[in-house]
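Each remark here refers to the structure printed beneath this line.
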Amino acid sequence: MATAVLEARGISKGFPGVLALDDVSFRLDAGQVHALVGENGAGKSTLIKVITGVYRPDRGTLLLRDEPVTFDHPLAAQRAGISTIYQEVNLVPQMSLAHNLLLGREPRSRLGVIDTTQLYAEAERVMTRYGIRTDVRRPLRSFGMGTQQMVALARAVSIEARVVIMDEPTSALEPREVDTLFGVIADLRSEGISVIYVSHRLDELYRICDRVTVLRDGRVAHDGPLDELARVELVARMLGRDPAEIRRDGATRFTGEHTTTAGEPLVEARSVSRRPVLRDVSVQVRPGEVVGLGGLLGAGRSETAKAIAGALPVDAGTVTVAGQQVRRGSPAAAIRAGVSLVPEDRKAEGIVPTLSVRDNIALAALPQLSRSGVVSDARIDRIVDSFMRRLRIKAASPYQKVSELSGGNQQKVLLARSLATGAKVLLLDEPTRGIDVGAKAEVQALIDELAAEGLGVLLISSDLEELVEGADRVVVLRDGAVAGELSGDQVTEEAIMATIAATGETDG
Amino acid sequence: MAELAAAPHVWGGRARLLTWLQEYGVYASVLALLLFNVVFTPHFLEVANFRTQLIQVAPVVITSLGMALVIGTEGIDLSVGAVMALASAMVVLYLGYGAPVAIVAALIAGAAAGAAGGALVAYVGVQPIVATLALLVGVRGLANVLVPQLTEFRNPTLITLGSQSVLGLPLVVIIAAALTVLVAFLVKRTTFGRQLVAVGGNRAASRLSGLPVRRVLITVYIISGLLAAVAGVLATSRLQASDPTSLGLLMELSAITAVVVGGTPLTGGRVRVLGTVMGALLIQLLQATLIKHNLPQSWTQMVQAVIILAAVYAARGRRA
Amino acid sequence: MTTTIADADAGTEARRRPGTLRRERIGHLVQHHGALMVLAVTVLLGAVAFDSFTTPQNAANIVVSSSFLAIVAIGMTFVIISGGIDLSVGSSFVLAGVLAAYGSRYGLLVALLLPLTVCGAIGLLQGLIVARTGMAPFIVTLAGLLGMRGLMLAVSGEGANTYLVQNGAFSALGQTSLLGLTVPVWITLGLVLLGGVLLQRTGFGQNIYAIGGSEEAAVLMGVPVTRVKVIVYLISGLLAGLAGALNAARLSSGVTILGAGMELDVIAAVVIGGTLLTGGAGGLTGTMAGALLLGVIQSLINQIGVLTSSFQQVVSGAFLALVVVMQRILHRAQRLS
Amino acid sequence: KSEDSGDTPAPAGSAGQQVVQSAGATGPTCTLQSFGGQKFDLKKDVVGFSQSEKEANPFRIAETKSIKDEAAKLGIVNLRVTNAQSQFSKQISDVQQLIAQGAKLLVIAPLNSDGWEPVLKQAAEKKIPIITVDRKINAQPCTDYLTFIGSDFYEQGKRAADQMMQALGGQGEVAILLGAPGNNVTTDRTKGFKDRIQEKAPGITISFEQTGEFTREKGQQVTEQLIQSRPGTKGIYAENDEMALGAVTALKGAGKSPGQVKIVSVDGTRAAVRGIVDGWLSAVVESNPRFGPLAFSTTQKFLEGEGIPATVIISDQEYTTANAKESLGNAY
């Protein structure tokens, strides 16, 4: 057998109250695309951070081409030829796209100083290769998550590396960009570069990966070639359940049927505009209905949701909840009216990292959980307990800091926060992004359940399958305007794609 | 992974010591300093000594409490010393109408100054350090305009406030203790307290969760101004004179130090009330020690620098 | 200049109206040169109101006396962009002055090297503590403020000894005029140019912005965070030391009562200049405008003349508030358009 | 307004007027000719006064007021006053600005004795006479500046020591409340006091010296620590009146009776002199701030071609239990 490019032997890593990795061994061969899968909190990101020198392992050794190595800084790993895209996009928001892309490798002029003209030209060239043509001088934070993810990707790949690690690179990408990414991975493989690939999207794994390592509760649950392992088997290994049981349950947990009361819309956005991202967008959600919001990256889906939630001031248009017009620009008013948003960027806009799981869940519902300004711990405990159980939030205790949870569990905490307000309408922006198959199914089942209880749900998802199966109706956005609306039997992946691709005749 | 929660071997002795120090570093430092004094400082173990230290530290504790709240929101309030001076000026200005009126006037002035800074921060979006820096300069000037020079007073009520004892405890100390309890209650038990740390921890998330972010911010600065005014009134009554030129000078630095030494991070999202009180005590005790041992000023400052560093080092947050 | 507008066919970006970009540019200009504009307006008003305000001599006085603050503010700008703060600069400044005056008896070289070495070393130490232990820069440099003031008192016999500069060459460094401006002013200009290139046109500068923008991201992007931070505090210490030494040369003595509260003035200059205290953004031209603005405000207050000393303070506080509010409003107007 | 002291203000006339020490005018004299300046019109031309600290303590208030009042009295219309707010760098630029405004005479109350090079240079180029008051500038009289009018701080320290010796009968432990560190005044008043004690009273030991930064609050706080941890202290020398009064508050708070600890201070403010009357203070050495009349009369003499001595030391009074009551009107 050829020597491994990278090998981890008997790695253990603990955090207060949690043993995130327990005697994990992992071997990466040259020119292979190696899948690393597991439930939320299984330890995938932790393993990657140990490999790249972000964390020091408590025990175990790391070998690079059979030589023992220790990286005490990500820079050291980078110098050794390991390049990484971390799970949460880790770039500098205020810096321009170009500077982010080329930080540390800026083109120099003859005087030895950075040549900005060349810098921007180079950045434009690179981004065009990834299908993005844009003003690379703009600060990174002014781009959508998808574009940011592509920048991180381009950055990681363009560093001369022997190993490229991708921790959920596609969670913010839409199908076309995923294709671009896979093209890049194929190129890498043909150059003999190895890839560690983490994703919760099983289709993707089967499309590009050669080998798979399954982690469960910090231990290796399976390791072997991927094509020998059937889908259900893989899921079963991840969840530690019986394959037969999995087979019964199907792909998503959506039942697809809701009894929509034809009555008054719970929430209605009428001709909402905000330059330059939204133009004349109208959406309504009735009780018991799941309305999907489709479109490409940057189509304005997040903005629509934020406008409805009062978090984005609009230039024109109105939002009414149960017939009452909501005061503009105030999430508080929206929440009081029963509209609650689970934002897309959970790190920047979702969790409060310094607070516990418990405080994060109770945050938005505090007024309801207190009497004359004094909080009732008993009531908070009750509600936190019930939601932690209902959403199966994995935490050492309700008092664990939310920043210490895995991404999927953080997402559940945010969902719990919205539900705790007793919202009548939920605006879910990519609620299953970065969530493992098990948790994803749970969340989807929960969406169904909530709709059945009479809640209205606005579901934003880049996962077409999820939209098709979960939504009763899909509103498709393009360039910040409604491009079409599909309902009933019209809701198919093909129809959505067609609406997105249709040339601008709907623009008028 | 809940079943692994009790896995003890990953949570070894060194790490445990570190967390313990992080949580209780200030307490340990205060204790160490107390022990040092008991051994090396003559006349330390006397009731009069503890009275002196507690009385002197009371205004620092009170301002630090407000500062801790502000820092919890990821802000900072450089104006507290100047607000003390303003309160002091207001007291003598309105003393003609009786002590209660004068005190209320001082408190109103403090709250108003806080509101001005808070409004700049919450509604205009000025960075806290600059907003309150402008206030620091302007408010002290204002205090001086109102009372141009040190002015003594003979009002018995006001003097009593500074020198009276109840059940053997000085009134100022009782007031400081009561305010500590009040602020602890505010932080731990009220909606406002929870919202405050949330705003400090992640402002965007707080806004999206429907928290009244601006109201929380301005309220926090008002409370800080109010508490600084209380401290100013107490300091004035103890001095038996109003001295807007020097009262509360550099108090902002003492208060910030107390808060940070007490384990509240300057990055916000967390408030440690008792730690803050301990931080103030540590600084007080340190200064008293240096004075009692008659060290020259140069030494005093260098030793203070080292001790503050050591205390904050012990209490510093773990890094990822 | 060509602008790349989002390609609608690629479908990655919403279409942007051409007007937006231009307005954004103007907004950008206003935000980054807000201090400069406020400065221009203030000077104009001053010129209209007071005859003696715009005399060459008064202008030169303002520039010369602002230059020391400006040198310190350059270092502070580096520190603040990196997401930190340096409260020790005032103490560095006065300590350096005393050391320079003391060292001048051993020649020009010692007069310069002694303060630079000591202040640089302490800056380095602070940088190491900040970068290695993760302690808050505010506290570390607050300790620096106390410690260096203590050191200064120790060196000067509890402040009783004022060393006089005993080296003609060194005095000349602070007092000689070239083209109507003294050497420190030219040094300031040189440092601004140098610092500007360092910040904008070198990898080191980009690393500073990255760390200030998001330290976590910078670590993961492979920025040598520890080293950059240490160097940033070293620079700040060195520049505060240099300014202190030059000031000693100008005053011909190591005055011990300088520098108290200077850190706040320096921070104010930097922040008025548009550098965010949260780090990751800002620049030196703004800082220079901020430093000059402070000098101009002082000068104007003196021109008004009738104010009592207390009222002068009220006015300068109000002025400071006005300036930052104006800046915020400009900034907001830009965002809304 | 406030419940301030019930004292009647001192009559504006001659009470507390500065008197030149008989032996005070020393050094070679300086004339308009030897200085090389040009005659100017004191009444019409710009006269600059640079104050060092905020007019927030009795000394500075009285000093600025005296200059302004005297200018008004003499009909000097173009008096420009600046205040450095205790920042030395600001005082330098203040004076430079006065020069830029065309000042023909500069009266400076310097914050510090050293570091005046840039100002002296600019003034010398234009031959502007500088009179420094209350604190000296370390430079060449008659070339760099015209003359210095003020007290001798070292001498004040010595006289305070004399008073302390008398109060304690030459025996006991004494504490010093120092002024702000780095300040010339602090340095001189400390040195004078210590030298005299060493020379004259071997029975007195100085066991404690801590700064009270010239403020009442700090004076009180330091004294509280002092009397608790060093109960044997018999006397306190405060380097200004404010700190002495802070010490009194501390002593009262600790239940001491007047005179139990002897306090001697320097300045001569009304409150301190009343402290002597009340028995809390033993003596106050005066430092007279009323420089106006002397400064302008000196200038007039100079303009008329008379010789001006290099230093004009004023004779300061002393307030003791013997004269405090009747001299209260002289205090400022």
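Per-chain residue numbering starts at 1, and chain names A, B, C and D are given in the order in which the chains are listed.
By definition in this document, contacts are C-beta pairs under 8 Å (C-beta built on N, C-alpha and C of every residue); 3 or more make two chains touch, one makes a residue touch a chain.
Because the structure is predicted, anything quoted here is derived from the model rather than measured.
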Minimal step count in the chain contact network, chain A to chain D: 2
Chain pair that, of all pairs, has the most C-beta pairs in contact: B-C
Chain whose mean Cα position lies farthest from chain B: A
CA centroid of chain C to CA centroid of chain D, Å: 36
Between chain C and chain A, distance of the C-alpha-averaged centres to the nearest whole Å: 42
Interchain centroid distance [CA atoms averaged], chain B/chain C, Å: 29
For chain B, residues contacting two or more additional chains: 144, 148, 297, 320
Per-residue multi-chain contacts in chain C, two or more chains: 153, 158-159, 216, 308-310, 312-313
Contacts with 2+ other chains: residues of chain A: 54
Pairwise chain contacts, counting only pairs that touch as defined: A-B, A-C, B-C, B-D, C-D
Residue ranges of chain A in contact with chain B within the complex: 12-20, 22, 41, 54-55, 58, 217-218, 309, 311, 331-336, 341, 343, 348-355, 359, 362-364, 366-367, 370, 373-375, 394-397, 417, 421
Complex contact set, residues of chain B against chain A: 1-2, 4-5, 7, 9-11, 19, 189-192, 194-195, 197-198, 200-202, 204-212, 268-270, 320
Residues on chain D engaged by chain B in the complex (per definition of touch): 1-5, 54-58, 61, 178, 181, 207-211, 213, 215-218, 220-222, 224-226, 228-231, 242, 245-246, 249, 253-254, 271
Chain A to chain C touching residues, read off their complex: 54, 73-75, 78, 84, 86, 90-95, 99, 103-104, 106, 113-114, 116, 124, 131-136, 143, 146-147, 155, 176, 275-277, 296-300, 478-480, 500
Sites on chain B touched by chain D in the complex: 41-44, 46, 48-49, 52, 55-56, 92-93, 95-96, 144, 147-155, 163, 235, 238-247, 249, 288, 291-292, 294, 297
